[in-house]
Structure formats: structure tokens, C-alpha cells
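One structure is given here, and the rest of the page talks about it.
When the chains are written out, they are named A, B and C in that same order, and each has its own residue count from 1.
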Amino acid sequence: MKHILKSQQFSRQEIEKLFADTDHIRGLYEDPEKKKGLMTSLQGKTMFAIFYEPSSRTRFSFCSAAANLGMIPIWTEDAGKFSSAVKGETLEDSIHAFCQYDPSVIVLRHSEVGAAEKAAKIVDQFGYETSIINAGDGKGQHPTQALLDLYTIKREIGRLDDITVVVGGDLANGRTVRSLVYLLSKFERIQFVFLSPDNLKMGDDIINHLKEHDIKFTETENMKEALRVADIIYWTRVQTERGSINDTVDLTIGVEEMYLVKSGARLMHPLPRVGEIKTEIDHDSRSAYFRQIKNGKFTRMALLEDVCR
Amino acid sequence: MKHILKSQQFSRQEIEKLFADTDHIRGLYEDPEKKKGLMTSLQGKTMFAIFYEPSSRTRFSFCSAAANLGMIPIWTEDAGKFSSAVKGETLEDSIHAFCQYDPSVIVLRHSEVGAAEKAAKIVDQFGYETSIINAGDGKGQHPTQALLDLYTIKREIGRLDDITVVVGGDLANGRTVRSLVYLLSKFERIQFVFLSPDNLKMGDDIINHLKEHDIKFTETENMKEALRVADIIYWTRVQTERGSINDTVDLTIGVEEMYLVKSGARLMHPLPRVGEIKTEIDHDSRSAYFRQIKNGKFTRMALLEDVCR
Amino acid sequence: MKHILKSQQFSRQEIEKLFADTDHIRGLYEDPEKKKGLMTSLQGKTMFAIFYEPSSRTRFSFCSAAANLGMIPIWTEDAGKFSSAVKGETLEDSIHAFCQYDPSVIVLRHSEVGAAEKAAKIVDQFGYETSIINAGDGKGQHPTQALLDLYTIKREIGRLDDITVVVGGDLANGRTVRSLVYLLSKFERIQFVFLSPDNLKMGDDIINHLKEHDIKFTETENMKEALRVADIIYWTRVQTERGSINDTVDLTIGVEEMYLVKSGARLMHPLPRVGEIKTEIDHDSRSAYFRQIKNGKFTRMALLEDVCR
């Protein structure tokens, strides 16, 4: 695999291979003896994190992953303000220029849908060895987030088939949610329950994708009912900064709501949360949202190992 | 010691131990042979510098200290703008999330009093191994600055007891000054002379602390008299950005004022200065303000060694 | 050589020595066996990149160069906003303070002409071992850019004497162009053709420098004629952000214009471009502008090796 651009590029086999690699790396990391070898495995290689939109969490995740493999991370926190983009340079020229410094990988975050694909195209056109990893392109994709979500499901409930997934919150704007749905639809007997206020429903592109692939889904505004049937509850924030409003459905999950949830189920959230999950359930063993972040580092380490070798 | 949160947490014994460690590290650093070992002593460990308020000097001090021990520093220059805080995430959640990447230490700068304590609380509540170091929490504390100040006094005049300390400038707003007074009051026969315009006098909390602990102090507006008696002159900038105004007392120290100062005394300043110390005395051997910064790196190396092992 | 402050400081011999070093380092870098040794040659040393004006490209070039030699790069992307400069600290004090952390080199970018010289002066006055490299001081100089340009000429056409150089675009504001002209005038039988709209002509200082040193030059607005005679075409962007306007002469180079250019000639540009070179000629082997950037990393590695040893 050269570039990581979108969730759809991964076949089921590739996903399973990636997760086995992730488990392997995690095993090495957690073994004091073996950790040393792991931490020099990509020594001498460089990772550039070019963030046109600030996102310190994603950046720290990638930079930690790189550093834990011995790579040197070099970044810009806000390329939109700090780079030649200010002077009117195209993204293609910027990427073309950065490739001259010979980074093994460029992790790109951009506000524009398709930015990572543009970047990959210029890399390939000129034959550079640099890999592009899409770390979010506006309302487009954030494939490493989707992969870490999927890895979390696998790790938490032990399987990726036969799952009822309740996806709730701002489904209209959730890039994360959309990528996850694409990825999960590669597996068997997945059922989706989409829970959102009427004005924040899942977009037609996803709905059509599910119909085409004959994947079961329902749409509801009844949270209690949804929580009862879920194996995985994937919760999201209402993105008020993108104009989303929710004044119709209460989507808050706390101790009381967790009584409805199966003992073997898990609650996930890409974070940040702004009240839709109460901190009172952070210690509940079914709350997997912080473990999700931890899984992100290991998944990204596996991806870096894959594209940088 | 797990976290470094406030000056008061250190006992006299702990301070003396820390300064011995600092001297030891300094010795290793300055010996070309031994430096190599020092520079790999925390190899493989990661330091996060999360600065909600920009402060490149403090950040470079910590990052240099970390790098000189072989740690990998990863930072954000302005987390207030570049992180999930923008989306309304609580500090607790942000710290909780950053801990998932397994940094050995998070160096936190924040505009809000108590931020570092909040951070430490969430770390402890969930049992993470990450240490929190407070690198300034608004008008609250900046304990590593206070420690480097104290270390400078020890190094420059050879003792921490029997000292007359003249503290001058913006005493109402100087976080540094307040932390230093707390720390020094753990030692014997310290006398303070507080020199400031009437509107920028030391706050009641410190005054009461001194009274309770029976520590001698006087307040004055007479600089000449104060300079004559000082063993340590600790000078500060009037913080106009916080609304401080000084139009009553001239607090400028230059060649002329230094004639009043004892030959064995020392002039300190946390810097930046904006005119209250003239550059004409930078070469005076009693001017210790740049050596203070150098001491800061070594003190922080000792603290990192302590919390990250 | 202690500091790198301006193009004029280099003698012809020093330039030739630097380019031999650059070729040598490049050879090591491109040899998988020898690369390892190169990448640890400055291990344990620290580079500070203090950028008062953001410029992610120059910063990444220096940081990559440093990292590829085993140095640890620590930077600020926008010291004007993130440092003590906000509180009114002088540049001299800031540099004086940063030196206390013992960086082997400070790479300084500043908006003010003469900033790097000021920095070097304070370093020398107090006897620090830190080197200063000027990475651009406003309308002043950007010597490492000039050196990489010269190295590119040498590498692309094999010589630095007997060259006709067509310099086109915004000659009034192009710091890069001015530095290059200074450097090239140290070589034999150089002829310049300056091509610009009347309002953006080369400044008198350069014109006088050429007259004094008896170097041939012509000024023209006829692009076609100029392209035909060129061995090197050095193209630049009209700096509209500095108020430059060009509404008289078409300075766009595309496939059609390249028909006029000699087969052994080369087209260079410091980038970013904003339309004055069409992407349709990026694959033309005479287009050297991206190779220029690559050469920049190697030139800077050679400079770092030189000043940090």
C-alpha cells in the first residue's frame, strides 16, 4: 500500500492484516524487552505532518506513533497561515516542494474534500517515494480514524461480523461516522440503527450505498429502544460550528441510559464530546472512547510501518 | 514525586535533593565523555508540551531539557487555538485523551489558575503513569521557575539561609515572585524587602503567609536603601498587559544603581525585561539573570529525570 | 565560519569548498550504507529555528537537514506571536536568552533587515558557541537561498563562470534575486539580463554594485529575446503582498516560451509561483525549480556540518 486516502480502499483481507499487525506492534510496545527494537524500527526516516486545519489530537497521535517507531516528526500546526498557501501557492506545488526533502510520509490535514488525493496524484506523477496519509479532508474522509474505530470494535467485542451498530448524533456532518459505515459494510450481517434529529439525518450517499449493498438499516429518534439492541453504540457530537442544531431529541447518555445497554456492548465516541456523554460513566467498563484513542496510536504505528518500509 | 504542581509541595529536604541532582546533571553535561550517557538516559520516552498560552522561552527550556536527556518532545504552541478546546472540550477530557498516547510527562501551560491540578487529578483518578508539570497556570503558580530561581540563589551565593532578598517591581501580578517567596520561606533567617509602587504591592495572601510563619519583611518605595542591604535583588517587569501601571517610583537599575549593591550580591530577573534593567550592566558579574535561564534547563532536566524514571 | 549572515561574506574559495562538501554529503545520503553514519554525525546537538515570520518551507528544509544529521530541531512557527517579543523584549535579549539552552545553531527568520547581524553580535559579545544562520531578514538577505541557487546552477550546467543569466519578474522586491546577483558577481564573465516591468526594476544598490565591479548587464522588457540568450533563467513571482503590480509585461513561461530556450539552459524559480511558470512545463528536463528545493536541503546540511562541528 502506498497511500492511505480513503476507507473504501481497504479490502476485508487488508483490514484483517492491518489489525493483526496492530496487535503485533502493541504486543512489542507493551513488552519492555521488545519495545526497544520497535522504537528504532523506522530510525532515520522522517514524517511530515502538514496540517492546514489545526487538530492537535490527531497530530499528537501521528507524531507519537512516528516517534515510537524511531521516526523524526516535523510538523506545522496551521499550514493555512504559516505556509506558502498564504502567497497563493497551490496544494500540488506545496506537496511537490515538501517531497524534495524526502519525507517517508506526509500526513495531510486539509479543509478541502479531495486534498489528499490531489497530493497523492502529484507524488505519483513525479515518482516520489513519499506516501500520503489523509488525516482528514474537510467533510470528506478521515480513514485512519475509521480504521481505529473498526480496530476498537474488533478488540472490544472480538468480532467484526454479526453486529448491530447504533450510530447516533450529528449524522449529517459526521465525517467519522460516514467513513465507519463504509468500512463496516465490508463485513457480514451488520445492522445499522441511525439515531438523529430529523434535520441531522444520514446523507443520501450513505443510504444509497447501504441499499446497493443490501445492508440492513433503520432510522429512528427513539434512543432507549436503540440502546437496548446495540452491540456497538457509536456516539457523536452535534457540530454547531458547522451550523448543526439539535433542539428536538435528547441524545445524552449517562448512568441511567447505560442501564439499557447490554453488558457485552460498548460505547464509542470519536471525541471531543460536549455533554452528549456524561463523565459519570467514564469508569463504566463498556465505555470505550478513551481506549479508542489509545488504539489510534497503535493502528497508526501499523500503518506507518506498512507505508514507510 | 509524581507531579510538579506548586512550589509549596517541596520540603526543604526535597529541594536540597533536587539541587544536588541538578549539580550532578550539570557536571555530566559539561563533561564531553559523560555527556553521551546523559543524553540517552531517558531515550524512548516522550514529553508533551501542551501550551494553551504561548511562551516560547519556557517551551524551549523544557524541550531542550527533554532533548538533552534523549526524550522526544512533541508540542503545541497555542493549544487554545489549535486543539479540541476550540470545540468546547474540557481540559480534563483533553488531558485524559493525551494520556492515551503514553507520554512520560505532560508539561502544561494554561491561563486558568488550578489547571495543572485539574490535569493531575484526572491522571491519578484513572491511574495513568503520565506526570504533570505545571509550567504556569495564569496568575497561579509556575513552580519550575521558582525552583530555578532558588537554585540560582544557591549556586550564586552558596547558601539559602541568612539572606536578605529585595523583591521589586510589579509585586501584585508577579506569579514568579509569589512562588519564590513561598519557597524561600522554608529556609532560615530570610528577610524580605518588598519594593513597589503603592498600587502594585504584594498581595495579602503572601503577607499573611509571612506573618503566620514569622518571617521578617518590610515594604518600601526607597530603592537606594533597599539595594544597599540586599544579598539577592529579584527584579520584575511591570505587567502592563495585565493593566499594571507604574508612574510613581523609578525602578530602573543601571550602572549607577549597581554602585550601591554589595560586591557579593546578585541581581536576578525572570525576564523578559522592558527597560527596568539597563543592558549596560549585562557584563557585571553580579548580573545573574541570563545564568538564571541556563540554570532553568538544568533544574528541569533534574525534574524530568525525577518524574520520568 | 561561525555565522551565516549574508551572501557577500563568502569568498569564491569558500563557495567552492561548500559545494564540494554539499556533493560529498549528497553522495553519503544517497548511499544506503553510508547514510547511517551521516545521520548520526551531529547527534546530541540541537538546532533552534526561531521564525518571527512564518515560512514553513524554509523551516522544513532546515529541520529536515538537521534531522538528517542526527540533530534535534526545536522550533517556533511564529515567534512574533508566541514569544516574549509580545511583551516588548528586544531581539537581542531573546537571542541572549535562547543561547542559555546551548543550541549549536539558531536559524533566524525575521521581518527586520539586519536582525541576524544583531543576533550574531550579541552571541559574539558574550562569547557563546551558538552559530546564527540568517534564514531571511525582511527585504534584506536570505543567504542560504542564494547559496542553494548557486549550487543548483553549478550542478545543472556544470560551471559558475561564463554564464548569461536572465533574471525576471519582481526585481524591486526579490530578496532572493538580489542575493544571487551579489554572489554570482564573484565569478568570471557573468552577464546579466534584467527583465521586468518598468515599475519593478532592479534597485540602484545592485546596479551600482555591478558597475563598480565592471560586470555586464542589460535591462529589457522583451522576454522572447532574453529567453533565447539565457544559460540560466531565474524567474520570480510579483510580490503583490508588498504592493507590487505588473500590468504591463507578460512574464508567463509555458511550453511555447520554452521553445525559445536553449537545450542546455535551465529555468529556476525560488517558489512559490503564482502562475508565472505554467505547470505544463514541470516535466521539461530544463525546469530545475523543484530540484532547487532538493539542493537546498543538501546545501543546508553542508552549512550545518560546517558551523556545528
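Simple rule for what comes next: a contact is a pair of C-beta atoms (placed from the backbone, for glycine too) under 8 Å apart; a residue touches a chain by one contact, two chains touch by 3 or more.
Given the structure is predicted, the values throughout are model-derived calculations rather than measurements.
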Worksheet item: If you take the chains that touch chain A and keep only those that also touch chain B, what is left?
Response: C
Fill in: Interface sides of chain A and chain C: same vs different residues, half threshold
different
Fill in: Mean-CA-position distance for chain C and chain A (Å)
40
Worksheet item: Residue numbers in chain C touching 2 or more other chains?
Response: 77-78
Discussion item. If we count contacts the way the header does, which residues on chain B are in touch with chain C in the complex?
Written reply: 35-36, 39, 54-57, 59-61, 63-64, 67-68, 73, 77-78, 237, 241, 271-274, 279, 282, 290-291, 293-294, 296-297
Fill in: Of all residues in chain C, those that touch chain B in their complex
44, 46, 48, 50, 72, 74, 76-79, 81-84, 86-89, 92-94, 96-98, 100-103, 126
